[in-house]
């Protein structure tokens, strides 16, 4: 009994240690001064709201840019990952283990190292300063995650349902649309969510590749965090978290309307 | 961005420039860490150029070293139409940009307002951290280093480095400064050097480490003496001025500093600093500088950029920039060149809470060092003080 | 399954194209570290930049600091993550709604994490205030410095906060499958729940745990945000140093940044290769899927 | 009697529910030391649940479980001395054959020398010597089954619980495994409960059979008794397709549309059950042969009259042909009366 | 003959290898229209591989496959007109019962009205009406089996291939499913190949049986013939434990240690096979009863002499007891001679 209580306590503490910092962000978003040694802010203001929604700062535009880039990245990464994951899990070929290893690289090697080397190539190919270029770069760093998630789902369902569809007379296209995609859906949503989260959070890569033409939320937020304007930085963080969650929830709900499945990686 | 055909515009005719600039967007890159500054650009400058020239400003918040980096990257890749049209710059960074042929110019002669409102012969307009400008930059605003504390909490306002040392001893562990190369921290160190060894002893130093070291040795000794009384016994320093500001706001330290004399007003207004915060400067004066606007050599919309700079130099813009609630940046226009009506714009501005009057500031204003000496001082600080 | 079929290669094409860009970036950076940077007027192969970087005593210090940060934070995060995963599975917490709260940190970018850490753990942070309120400390100075300190406590805390949920997300799912099934079998053979965990569940989760470990380890080794925003003035973590060198306005200075980058690339890839071989060995033992 | 024999296992009114559904309802069961018990019942009736409850993996809502006379309430899984061999085996994929079998002893801290001896003996006894070092993925289904069995028996449990141990095996492998379990039982005398849905398993191996349906034990008794004297139609049906004749008994005579016969039961409505092998056909009558199926060593014949179908098992049927008219005949002592509710 | 009857399916020397291993070796097989063929053989002998090759899921290395006389080389899976029902069913988890059954017709673009009619009829015929809207996870194993069957038959394939369709079912459900398949076959006449390892399935349902071992067909012929006249011990053994007496035939007399008997075969070393049900025991003799097992409707008796064990199946064994001395008796016409290699 004591043990159970102890376990409960630990779980509770874990939750608290997640929630408290987030709560502080929420409070700071509306606090104008919160000096030592007070446990609560002494003054509140709507400066954060004004900055974000006042219309002049471009924050709302940035939010849309971020979401656009995030969704683009996620869609792109997922599309690339499906065949890649299937190739790795359902086929036997020479160099499989090398491919497996290479696909892990973008998460292993610091994104900054890669970004610094890639910048000139992107400028030369005119991909720099374009949304597409940013999406491309984000896709590269998301791939290890999306491929791995898709690989897990592919392993779980194998290709037996597809063979079944062929047996029942379905051609490649029908099988892909009516069997493969629906069955991969939970994994697709998970991979999509993961890529979206990764894209949303990119600062350095966006900044190098997007220059100033693609001003995402982190690009707008970073100077405030650096300059230590806690209220505005917190408001940006808050909105960042909210918009990320909203997009994830909407995409999940949308997909669930058409395909029913039990659970995904990010939502349970 | 720009739709103008390069070379087709006769820039000596500002009307042609404006015509070419009409309907375009100017990508204005610069530091974006201050809500006030950003707001002024977004709400005043952008509005002004939209209404008067039909130009849109796209403000891109980015640190200057990153902007230069981007420009260098573009140059590396031989990009003809770059993404930066207008850049907020000064000092060492200007020097770097010039050395790498990154800037367009000379262009100040194209601007009607430059000749009309600016004292083109003053050192502060001809030189930027000791470098000749030669028309590659137009002044944007002026800044001056100030200290900030709260006289209600700690009455003493140090009038010199010596007094500052006493002050630190009295409030052990509650005074510090940002570690160079933070811009403000670096300026603090230079101020100490000026105060200890005198501006004249250092203003003509060349970029030779040995020479610099010998010249500033007494100041280094002073900083070493100060160190044990600082926050965390000087084992570590805030890495940015922002961090120091927040520590001051939270009461963790009792003194902060700024390269913007109006900073304190803004912080009081947003409620971050205590109401009774007050700026102060040394009797021997503090460093002042001018910040500038420049146009990259590969800018896609040079005409638009010229138009925006011209707008910045109008008394209306300079005055609205001077209003503490808007930004509080010191104007670069020459009061003597203004008519009464225009002068009235400035005199009507009420200086903010805790800000020193402009007369006091301007009377105790010392010039900047040569830009290439600054990194050497920072290096010496790293080696002597930090380790 | 024909080994010679072209089909898998075609399916991998898009991903490989992406990887090619990635690898191009790496090589480009590495070339620059050897002084091959045409636009800066450098086109002679030289080891100059390396020798100079190594001569400057700071490098080894930076590498050490970075390794310590990533090793300590990753080990703590993995231990905490695995323990929490276990507890979450045991209590059925993974299936509760509140579990979703635990996934939130995954969404939060590192730069925001930095502000969280300052808000909570700096000497004027909430924790210090709480200690003050409770009379544990009398002034801010008495609070153990956790942010901007030479031990990188704040940086480590930040990483742990962000990484533990990631580990839990990956491990708990796998663990609850194994624990419910084989764990039951082990208990039934006389193992206490703890022993069942140690002998059965843990070894079977090991590949996934190793996987997340290598991801977070290399990530925290190479990321500059947290050490830059929360680290001390000196010593500087390797990626921070690289970042500073990179943003040096002189183009001719670029190779120095690339030397540091190359060092980071070499170290992380070395870890990845070690991991790859280790995991291959383990995978041979644990073919959970093939068996199911 | 009850109090005198020490029961190895006793369940008293055990009720178990999972997720709000009551899966087992007031199950009582007594097992003597050394017995083999078979649990029969259709899929989903709660057989596995019962085993898991005995092993302590699930907890009963009410009722008591005694093992060797000791109340096992609150005793955790690992301390009960019961071992389940799960239907899906649950061999540890990260251990080889030897390590799997060794696992339980290692956990118990048995000294290495003794461990190796016992494990090797067990592996030999299930006929797997030579495969000790094989990974689980490298052995066949039947071999895995035997590893699971060996893993359990080395622990000399007080109770061995086997959950459908032969369900996924070939007929011949099944025979061999049955022999193996019986042999091991002969050697060790471990009290064993086997879940199965094959009546052959039950009849060959069990001392007693318990037939379950919807979470309840319908009948529990010696194997032959349960098979030959099923307490209800439900129990009888579990052992295969039976023939039922519905009719009435009036003063010791059973009347139905096909025959009448002396009946040693009280008056009422009855179904009379005759097993296919106990029903014989004669050359004359008004039943028609609907179908003859060759089963290899027997024939299954289906006859029909007035819409009623009956099955007959015969060793040979040289004298009968499809659509032939036949009569029926049976030994009255082989029939079973089930009383029906009057309508 | 061969040329005259149109074969529904003809395999000629089909060889298949997977991952370098030859799984099927020169398999030839002819199936007439409307026949039911059962493929028997131990686990891993290549039964599933054969079905997959016929369906085009695997490609043969050499040999030809003709369906309705047409060479199917290069014809993709979906155009062969063959449908497999896999052992693991592979019902689409994201579709309900109706949608699963409908899938193939929808793909073929059958008009909606006709589709609904056909699908509903199929669902009714497998006894699932009312469950159309259920998700696959919401129906029982036996019901799933029937959905899979319905899904296949609505397509009226030229060849229906069933891979161990009843292996995981209860005995009673198995009987019901067998009936169902036979009924459907009666209605549709679809040529059907069934993989199974239950001889009962084969004998009840098949027109012809093919017994496979290690990728080869050992014997192919009418069900009863294969069962009663196995071509080799291997085939015979597949149908259960047989009794073998090893001995010699010298001038039409078979001598072995237990008996001698007139033999209609040439001289040589032989194993004589007698089925357990054909071996009878008598009250006198020098065999000893080792074991008696009650199988419900029969008894299995094991007798022993000089270390040789034999099995006997008897309807009842009231007159025999354990350890009793007995003799044996059999009908010489029921025995089968297998020639052994001389040593």
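A, B, C, D and E label the chains in the order they appear, each numbered from 1.
The rule we apply is simple: a residue touches a chain if its C-beta (ideal position, glycine included) is under 8 Å from a C-beta of that chain, and two chains touch if they have at least 3 such contacts.
Only a predicted model underlies this, so the values are computations on that prediction, with no experimental measurement involved.
Asks: So if I look at the partners of chain B and the partners of chain E, which chains show up in both lists?
Replies: Both chain B and chain E are touched by A, going by the contact rule given at the top.
Asks: Expressed in steps between touching chains, what is the minimal separation of chain C and chain E?
Replies: Steps on the shortest route: 2.
Asks: Could you tell me which chains make contact with chain B and chain C both?
Replies: A
Asks: Highest contact-pair count belongs to which two chains?
Replies: The chain pair sharing the largest number of C-beta contacts is A-C.
Asks: For which chain is the distance between its Cα centroid and the global protein Cα centroid smallest?
Replies: Central by C-alpha mean position: chain A.
Asks: What whole-Å value do you get for the distance between chain A and chain E if each is reduced to the mean of its CA atoms?
Replies: 54
Asks: Could you grab the centroid distance between chain B and chain D? Build each centroid from C-alpha atoms only and quote it in angstrom.
Replies: One centre to the other, that is 90 Å.
Asks: Report the inter-centroid distance (CA atoms only) between chain A and chain C in whole Å.
Replies: Those two chain centres are 17 Å apart.
Asks: Give the residues of chain E touching no fewer than two other chains, as numbers and ranges.
Replies: Touching at least two other chains: 19.
Asks: Please set out, as single numbers or ranges, the residues of chain A touching at least two other chains.
Replies: 36-37, 92, 120, 222, 226, 230
Asks: Would you pick out the residues of chain B that each touch at least 2 other chains?
Replies: Where chain B meets two or more other chains at a single residue, that happens at 63, 66, 76-78, 243, 246, 250-252.
Asks: Taking the top-of-page definition of touch, could you list the pairs of chains it picks out?
Replies: All touching pairs, sorted by chain label, are A-B, A-C, A-E, B-C, C-D, D-E.
Asks: Looking at the complex, which residues from chain D come into contact with chain E?
Replies: Per the stated touch rule, the residues are 42-44, 140-141, 167-168, 170-172, 175, 197-200, 203-204, 223-224, 227, 237-241, 275-277, 293-298, 300, 313, 315.
Asks: Which of the residues in chain D end up touching chain C in this complex?
Replies: 55, 57, 76-79, 82-84, 86, 88, 90-94, 103-104, 107-108, 135-137, 151-152, 155
Asks: Given the complex with chain A, which residues does chain B contribute to the contact?
Replies: So the residues of chain B in touch with chain A come to 27, 29, 31-35, 38-39, 42-43, 46, 58-63, 66, 70, 73-74, 76-79, 83-84, 240-243, 245-246, 249-252, 270-274.
Asks: Using the touch definition up top, name the residues of chain A that touch chain C in the complex.
Replies: Residue positions touching the partner: 7-8, 10-11, 14-15, 17-22, 24-25, 28, 36-39, 79-81, 83-84, 86-88, 91-94, 96-97, 99, 101-118, 120-121, 136, 139-140, 143, 147, 155, 197, 200-201, 203-204, 218, 221-222, 225-226, 230, 233-234, 237, 240-241, 244-245, 248, 265-268.
Asks: Flag every residue of chain C that touches chain D in the complex, lowest number first.
Replies: Per the stated touch rule, the residues are 181-182, 184-193, 195-196, 199-200, 203-204, 285-288, 290-291.
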